[in-house]
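As structure tokens, the structure follows; a few thoughts come after it.
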Amino acid sequence: MQFDLTMPAQLTSALGPDLLLMGGAMVLLLWSGWRRESDEHQRSVGILSMVLCVLTMVAVGYYAYRGYTASDGVIAVDNFRWAADEIFLIATLGTIAMSLDYNRREGITPGESHVLLLFSTSGMMILAAARDLIIVFLGIELMSIAIYVLVGLNRRRERSAEGAIKYFLLGAFSTAFLLYGIALVYGATGATNFLVIKANIVRFNLQHSGLLLAGIALLLVGFGFKIAAAPFHMWAPDVYEGAPTPITAYMAAAVKAAAFAAFFRLWLEAFPTLLSTWHEAVWWLAALTMIVGNLVALAQRNIKRLLAYSSIAHAGYILVAMVVGTSLGSSAFMFYLFAYTMATLGAFAVIVALGRAGEDNMEVEEYAGLWSVRPGLAVAMAVFMLALLGFPIFGGIGFFAKWYVLEAALKAPFPQTRLAVILVVTSVVSAGYYLYVVMVMFMKPRSSTAILPERAGGWTRAVVWGSAAIILIFGLFPDALVSLTQRSTPAMSKEVALRSR
Amino acid sequence: MEPHYSLIYVFHFYLFGVIALASALTFVTRKSPVTAALWLVNTMFSLAALYVMLDAQFVGVMQVLVYAGAIMVVFLFVVMLLNLGHPSELADARGTGWKLAAGLIGLGLLSEIMVIARTKLPQQLIVPRDFNEQQFQKLNAVGMIAEPLFKDYLLAFELTSVLLLVAITGAVVLGRGRAAGAR
Amino acid sequence: MASFLDSIGYNLWVLPALLAIPLVGAVIVLMLPVREPAATAAGVETPAARQVALWLFVLEFVVSIGLWWSFNPADTGWQAPIDIGWIPTWGVRFTLGVDGIALMMVLLTTFIMPLSVLGSWTTIRTKVRSYYALLLILTTGMLGVFLARDLFLFYVMWEVMLVPMYFIIGVWGGERRIYASLKFFIYTMLPSLLMLVAIIYLGLHMKGADGTPDFSYDRLLTGAVGMPERTALWLFAAFFLAFAVKVPIFPFHTWLPDAHVEAPTAGSVILAGIMLKMGTFGFLRFALPLFPGAAMNPTIRMIILILALIGIIYGALVAMVQPDFKKLVAYSSVSHLGFVMLGIFALTLQSVQGALMVMINHGISTGALFLLVGIMYERRHSRLIDSYGGIARVAPMFAAILTFVSLSSIGLPGTNGFVGEFLVLIGSFRTYPVLTIIATTGVIFAAVYLLWAIQRILFNPLDKAENEHLTDLNKRELAMLVPLVAAIIWLGVYPAPVLRRMEGSAQLLVNRVERAGSLPRVSEAGR
Amino acid sequence: MLLQTAVSAASQAHPLSGTIAEWVWLLPILPLAGFVINGLLSLAGAHFGPTDPTAAEHEHHSEGAADASAISHAGHGADGDDQHAVKRHRWAGVVSVVGPGVLILSFLLALGIWQAMASAQPAAPFIQRYFSWMPVGDLHIDAAFQLDQLSMLMILVITGVGALIHVFSVGYMRDDPGYPRYFSYLNLFVFFMLVLVLGANYPVLFVGWEGVGLCSYLLIGFWFNDKANADAGKKAFIVNRIGDFGLLVAMFMLFANIGVLDFIGVSAKALDLGAGSALVTTICLFMFLGCTGKSAQIPLYIWLPDAMAGPTPVSALIHAATMVTAGVYLIARSSFLFSLSPVASLTVAVVGAVTAIFAATIGLKQWDIKKVLAYSTISQLGYMFVGVGVGAYVSGMFHLVTHAFFKALLFLGSGSVIHAMHAAYHRTHSNEDAQDMRNMGGLRRYLPVTCVLMWIATLAISGIPPLSGFMSKDEILGSVFARAQGSTLASATWLGIPGSTLLYIIYAIGLAAAFLTAVYMTRMMLYTFHGPARTGTEEEEALHEAPWIMTGPLVVLGILTVFGGWLNLPEVITGIIPLGPRELLAHWLDPVVGDATTRIAAGAAQVPASTEQALIGAAVVIAVAGIVFAMTRLKPDRLPRKRDAVPEHGFEGVVAHKYYVDEGIERTIVEPTYAVSRSFLWRVIDNGLIDGFFVNGSAALARGLGWVGSRLQTGNVGIYAWVLVVGVLVMLGAFTLR
Amino acid sequence: MLAESLALTAALFVIGVIGVLIHRNAIIIFMCVELMLTAVNLTFVAFSRFYGTAGQVFVVFVMTVSAAEAAVGLAIIIAIFRHRQTIDLKDINLLKG
């Protein structure tokens, strides 16, 4: 079935899963305000939010299964969107599950926190669908504003507030650049719809329009900030450290994925004809991000900061898939996103599981000898670290993700061999800190004064083992996932690939 | 295809432009948040005037109401609430070296962005010169905004509603303060 | 024997079984109930784990030994082949097979592993289950490398080896184990990843009609020949680096002393005995046949040969001055593997066969040396040569075996060491006489460093009070050394069956590389 | 299958097939079995360690202490031959039977085979292939034995002299705690020595070649608890390895050029290398490098004097009679190569001659009785090389055999002396040196049999007719003289010197060395057996002749020394006095070396009988002169004891210190190698440059950059905004300023 | 007047950027960001003369977003003030490295 997006009813249908999530979130907002704030209430809201997530996942799956398409319009109805949605929803699910335990421990009682997550996720789903710069802008804002709040959610932690203000100020600052970019692109092409922009660029021969180029540059800045690409990454470590750990996981996994999804769609659907123009900039962005992220991560001793830099580095790897700018790039991108999301979620879930109230034990060294007291968590964390490192079998799917990106880079019309080499060399650097975590857990003796971490909550453990299982199982049999992602390319990008050759 | 503008129009355009720039410059150089806010309001007003001159009457009004009226008032409110006008808070700007560097960077940015001023817009896309005026005549100041807002940009409009809901919820969650946070 | 093996369909299941037994075994070992060290008679946590692991490795060896008879030396193709789809969308297949070269490496692996379990018998007291499980997983990885016929599978297996060894060194190793394990991991990972890039490039280069990449070794073998020279050079460089570090060739060797010294005994044995062979095996299986043009480029060949030569002499000289016996043995590996590299790149049938023999011999002799160092260490908690002296008097069996194994490492005729070195040198002389003469001086240095070391350990006055009560080998230690000694003699006196099994594959390799290497290259401009 | 039929086909054609010669494999296997039995017996006394060495370390402490201290006591005070018999090994009886027994059996078998060969008179060697050792492509190396007249001769010497020395050892070593180990090594040595001479190709020869080196190493370091002994063993092995390197290279060159390594194949294809070509010269020179190592010639002679650290019977067997002559054997065996290269042959002769005179001078100033014999051995080996060098292969081999007799006798005799001295000093718990001639003197009173036998040997080595040494040495000198005119050697030039001149010089050197030999041997005898006793009064009572099991072999060797010359009586002597059949050995060896000798001597002028007789006369006069010179000039009565001795000065000092060659090598080669390896290669290159700078340096660089990046992350949002804006500036510039 | 408008917006935007760079007071920085957004609004308005009223619609959206940001942003500023009694960014640097 094809939706006609000019008809409001059909537009609504095309937005079914998104609306389901938004509507459900509103109901839950009412429900969370209904009772006095308490931990039990927070949990009930959380569990209902998870149910809503699952329902939305089912809806997304159904839409994908039915293979709906749509006329050209403000939103896209394609597999790229559904795949991205599922990733966001999985991340949200994991985040809420962790939050249930985390909030109890930290005394965070507002049930609205879960609702805000849901709203943020709906913003992401909009982002994944958006084919209009204005929708992109609003999606980003919808997502971000909720996150600003969520970062500062832990009112007892000064760090939480500090993270919030840093994220907020810089986020608003970067939004201004993004918006300026949108304005300039609009000015140059007279349109905000991706497909029209592409058509107009070709039609009016705008490849060298200063307005357009400046606009693209500023858009790159805006997206670069959201995905935490160097040199627009500097907020990330501080904010990741300050935010409550489940929110950090959410930012590292879902927010980044959403920004990437919009970024990818915009670039592939609106500016494919300018490949040679933006190619070099994205190339440098990718290279710089990989280098900076991995190098600075080496100096980290705080596990959350370490993972923050690691996530910066991974943004660089994903950018490699972008540089390729082909459908192979986009399926590699989707595969990578999935792998990265699972590993990041799992790693943060371990951190949640091992945290103590007040989160003052975020040093990696705190995990010394973890293997002897919590062998399961230690092994799971090792799996996540190896997955992030991109190691086969033990790191499961992480290796295939890297493989796929490398394959995409080398298969590109202009093979990105040098970028691939940078990727692998910086990956080796990353071994320095991923293995540092593993080393501390397995090879350092447990200090006699160390406190035995409490047994983690059931939900958190479920996240840990769920993501570990997914990573390992797909790490042995990735074929189903590969063929899924091969179909999850933006609807228009086939043409792109052809033209860029 | 720039239309021909009357001298008086041009004069006023430049006048408000200069006021806006001057206020903005004064705004960024103030140390006191209150003074700064007031200079910013001044900039907003000048811009509102410019909007009106550019056939965006509704937006001009909104500028005054929303920006100058609501947003900036909230800013001032917070400044007052936190007692940020206190002299001890005023040594806020960075040193001269930083300022100079910032100015240089600003000049650099400006020179780069200025390519946009040289760009010609694609002629085929440009609506007739009196298009907005006609719309104004036909649909009045609100209607000419409302039509695209509720037709072409319905989705965006609905999203802004959700956005506001989120902002409110967020502000409440954050603002309930320590007392609420305690179990 | 062959007909019996046929009757049980041996060739159909042997290779997957070899990979599966250790994996299943690892699960079994991990599921054993934990027993605290204090509660067990031996003072070892969960002593059942080591028994189970030992019998699993014995089973593995028994299963693998059938290959000796089922292998047909006249057939130069893949034997006991397995071909299962794995990731069809990426054109990756799970293909296994043995040729003469892989056969010997597999047998070497399955032979060394049970002995290394015996070597860890009493030294590994904590986290015993994990230790043996890692050893088992490691075995799968190593066998996978030797058996893989798909470059993707090969790479996966190649990396899989790394993690268990990382943990074995890092958790059960010596004082500087953390440094050593990280160094080992990163040192090997960097070039491996570059090789990964090259593998992907190759796979894409060879893609089928439907655009799916193809990583099948056999297809790449024929397809890679027409590659432009520059491309081939770069790809060869990537493979070269990966293998060179593993070998290790001269300037890439510094991970080795650290890793060997810090690893627990079994770790050193496996590292030296099997894992170093991965590098040279990689050259034989991949780097040379895939890029004959690049490998046979006179300049490159000369550079590699000179590095091999430096490795032989330099490794020996540096080994000579090591105060730590384990480090000495580690550096001696650099020297020995230099001979292998010389043999491989001299590329005559004799030199390649010799290189293969040195690989096997080095596995046996150096494995035995590390076991002996472990035995010393267990008694005195010192690896320093100076802490010993004259112990032949109190530990005559130990002395006899150490002397014998050292002599085999020196390459005394009649032991395995001679056969390998002699064949390498006599073969290399045909193509590179001057280099070979220089390499032959390595024979002298080997005698210098090993004899000097064993003199200071076994002979000289028994002047340290601690050594006067040193105990001789016990029965377990004797049991793990005797098979090695027997292998040393067997391979030294009657290596012909081994040589005959490898000859077909070696000949094929030499022919292939020589033929392809001498073809006029397709120039960049000509395309 | 194929192989076996080939073997049978080849052997059926041979006259020796089907005879006792088929049992040739048993020759080396017997000593090997002895090695295994004795080796296991030597380990039978060992105790198994505890099941868990780490855990049980302390528990075992008290139990093992008594045992270990008993054993370790045995190790202390071992000094030279000064072994303190603490307790006889419990299997000593068995060992005494097995050790010499296998040798005697071997010798009997060898006699049987000799009998068969003597009757069959085969013209071609008898090849026995057992299995394919290293078959790789066109390289076929079989585990095969070759039985011909040359190897037969060697086998008889090895098993015969070997058996005598084994028997002697029973008496000499019986009280040593390492008795079974000693015999296992000795048996192993004989095994390898037989492999060496039986090998049908160079690689199999090389197995024996290195194997005997190994046994030499083990036996020199037999009393390993003394560092000097262990050092000496190691030195022997390493120096030999240098030689082996040459032999290896020679093999490589042979294979690379003619593709075969078995003796028959090489001799068939040797001409393909080109007579007199640089190639064949190079091969021969590399091979000769191997010989200099094994046979202690300049420049690789340095290990042999140190090798005297081993038990004296070992010195007799390995370092005098058999192993050290392997080089001579190799050249005789490779005569088909050396005869093609006059330059290489001349080199062999020159090196032999120089070694002969050089070692003889050092022998003049040695005080240790065994060291004198060691330098004497080096000197005599030099003669042998002169012989084979000038293409007189039979003469070389002849001297080899006679030398085996009289030098074994001398060594065993000195062993008898040391045995007595040692026992005496042991009785008085003295720490005096039992091997220093300054501590001896007048021993003829206590050791009459030994004294007489050693005098016979001394006269033999000095060249007094009709003893065996006279015959063989004279033949060599005669050959040199004969080849100096008209042979291929004489017409060749060596380093610009005409071969003819060179040969005359070599002849002169030979005579000079003969003089010196007579001098130092007489000196040794005088100081040891004559003059006043310097042993010490208390010790003198303990001095006595060795038991029959030691003197018995001495007597047999004495007989051989006297009559050994009959093996190859030269025509010039039989022409004067009909002592017996002439040139038996030359006829015997003719199938093996005949062609080569002919080739090298081609065109040599026939030396007139009168000249030959004059030469013999001169040689005898010189020998007698040497003895007389020593008798008259040396004053044994005035010799101080070792502890009262003053060091020599001037040239005498230099000679006493062996021309400081060991010290020179130590300073110029050994020490610099260690120093460079340690301080430069290991510390600077390995730890510093590669590991420190490149490996850890790059890691440190990455960490350093990371640290810097981490410092930039100051926590101040303003800075983040700055970085962001700079990024914007660059990004915008990249797009708009193009 | 397009060029003039665009130049003016660029200037205002850059002034906003400079403001962000030179100030340490969170509220003033936030105001500077508001100035930047306003400058962008002028761009939209300027283009709306050429491309129709859509540009003006965008301005409405931007204003809404500004308002929403203001609500959340000021709440965050109050929150940090509660902890630190200051909103000087120089002093808000617990998180670093």
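So that you can tell them apart, the chains are marked A, B, C, D and E in the order they are listed, and the count of residues begins at 1 in each.
One rule holds for everything that comes next: a contact is a pair of C-beta atoms (placed from the backbone, for glycine too) under 8 Å apart; a residue touches a chain by one contact, two chains touch by 3 or more.
Since the structure is predicted, the reported quantities are computational estimates derived from the model, not experimental observations.
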Shortest chain-hopping distance from subunit B out to subunit E: 1
Labels of chains that are neighbours to subunit A and to subunit D: B, C, E
Steps needed, at minimum, to go from subunit A to subunit E via contacts: 1
Farthest chain relative to subunit A (centres taken as mean CA coordinates): D
Closest chain to the centre of mass proxy, which here is the mean CA position: C
Far-end chain from subunit E, centres as C-alpha averages: D
Contact-richer chain pair (by C-beta pairs counted) among A-B and A-C: A-B
Mean-CA-position distance for subunit C and subunit B (Å): 70
Gap in Å, rounded to a whole number, between the CA centres of subunit E and subunit C: 64
Separation of mean Cα positions, subunit D and subunit B [Å, integer]: 102
Approximate Å spacing (C-alpha centroids) for the pair subunit D, subunit E: 95
Numbers and ranges of subunit E residues touching at least 2 other chains: 6, 13, 16-17, 20-21, 23-24, 29-30, 46, 50-51, 54, 61, 65, 68-69, 72, 75-77, 79, 82, 87, 89, 92-97
Set of subunit B residues in contact with two or more other chains: 94, 105, 109, 112-113, 115-116, 118, 121, 125-126, 153, 156, 160, 163, 166-167, 170-171, 174, 177-178
Set of subunit D residues in contact with two or more other chains: 699, 710, 713, 715, 717-718, 721, 725-726, 728, 732, 736
Inter-chain touch pairs (all): A-B, A-C, A-D, A-E, B-D, B-E, C-D, D-E
Sites on subunit D touched by subunit E in the complex: 710-711, 713-718, 721-722, 725
Subunit B contact footprint on subunit A (complex, rising order): 8, 11, 15, 22, 26, 29, 37-39, 74-75, 107-110, 112-113, 115-116, 119-120, 122, 126, 132, 134-135, 138-139, 141-142, 145-146, 148-149, 152-153, 155-156, 164, 184, 187-190, 200, 203-204, 206, 209-211, 213-214
Subunit E to subunit A touching residues, read off their complex: 6, 13, 16, 20, 26, 29-30, 33, 36-37, 39-40, 43-44, 46-47, 50-51, 54-55, 58, 61-62, 65, 68-69, 72-73, 75-77, 79-80, 82-84, 87, 89, 92-97
Subunit D partner contacts - residues on subunit C that touch it in the complex: 42-43, 122-123, 183, 186-187, 251, 253-255, 314, 317-318, 320-322, 348-350, 353-354, 375, 378-379, 390, 392-397, 400, 407, 412-414, 418-419, 422-423, 425-427, 429-430, 433, 436-437, 440-441, 443-444, 447-448, 451-452, 455, 458-462, 468-478, 493-496, 499-500, 503, 507
Contacting residues of subunit A [partner subunit C, same complex]: 371-372, 386, 391-394, 399-400, 403, 406-407, 410-411, 415, 417, 420-421, 424-425, 427-428, 431-432, 435-436, 439, 442-444, 478-479, 482-483, 486
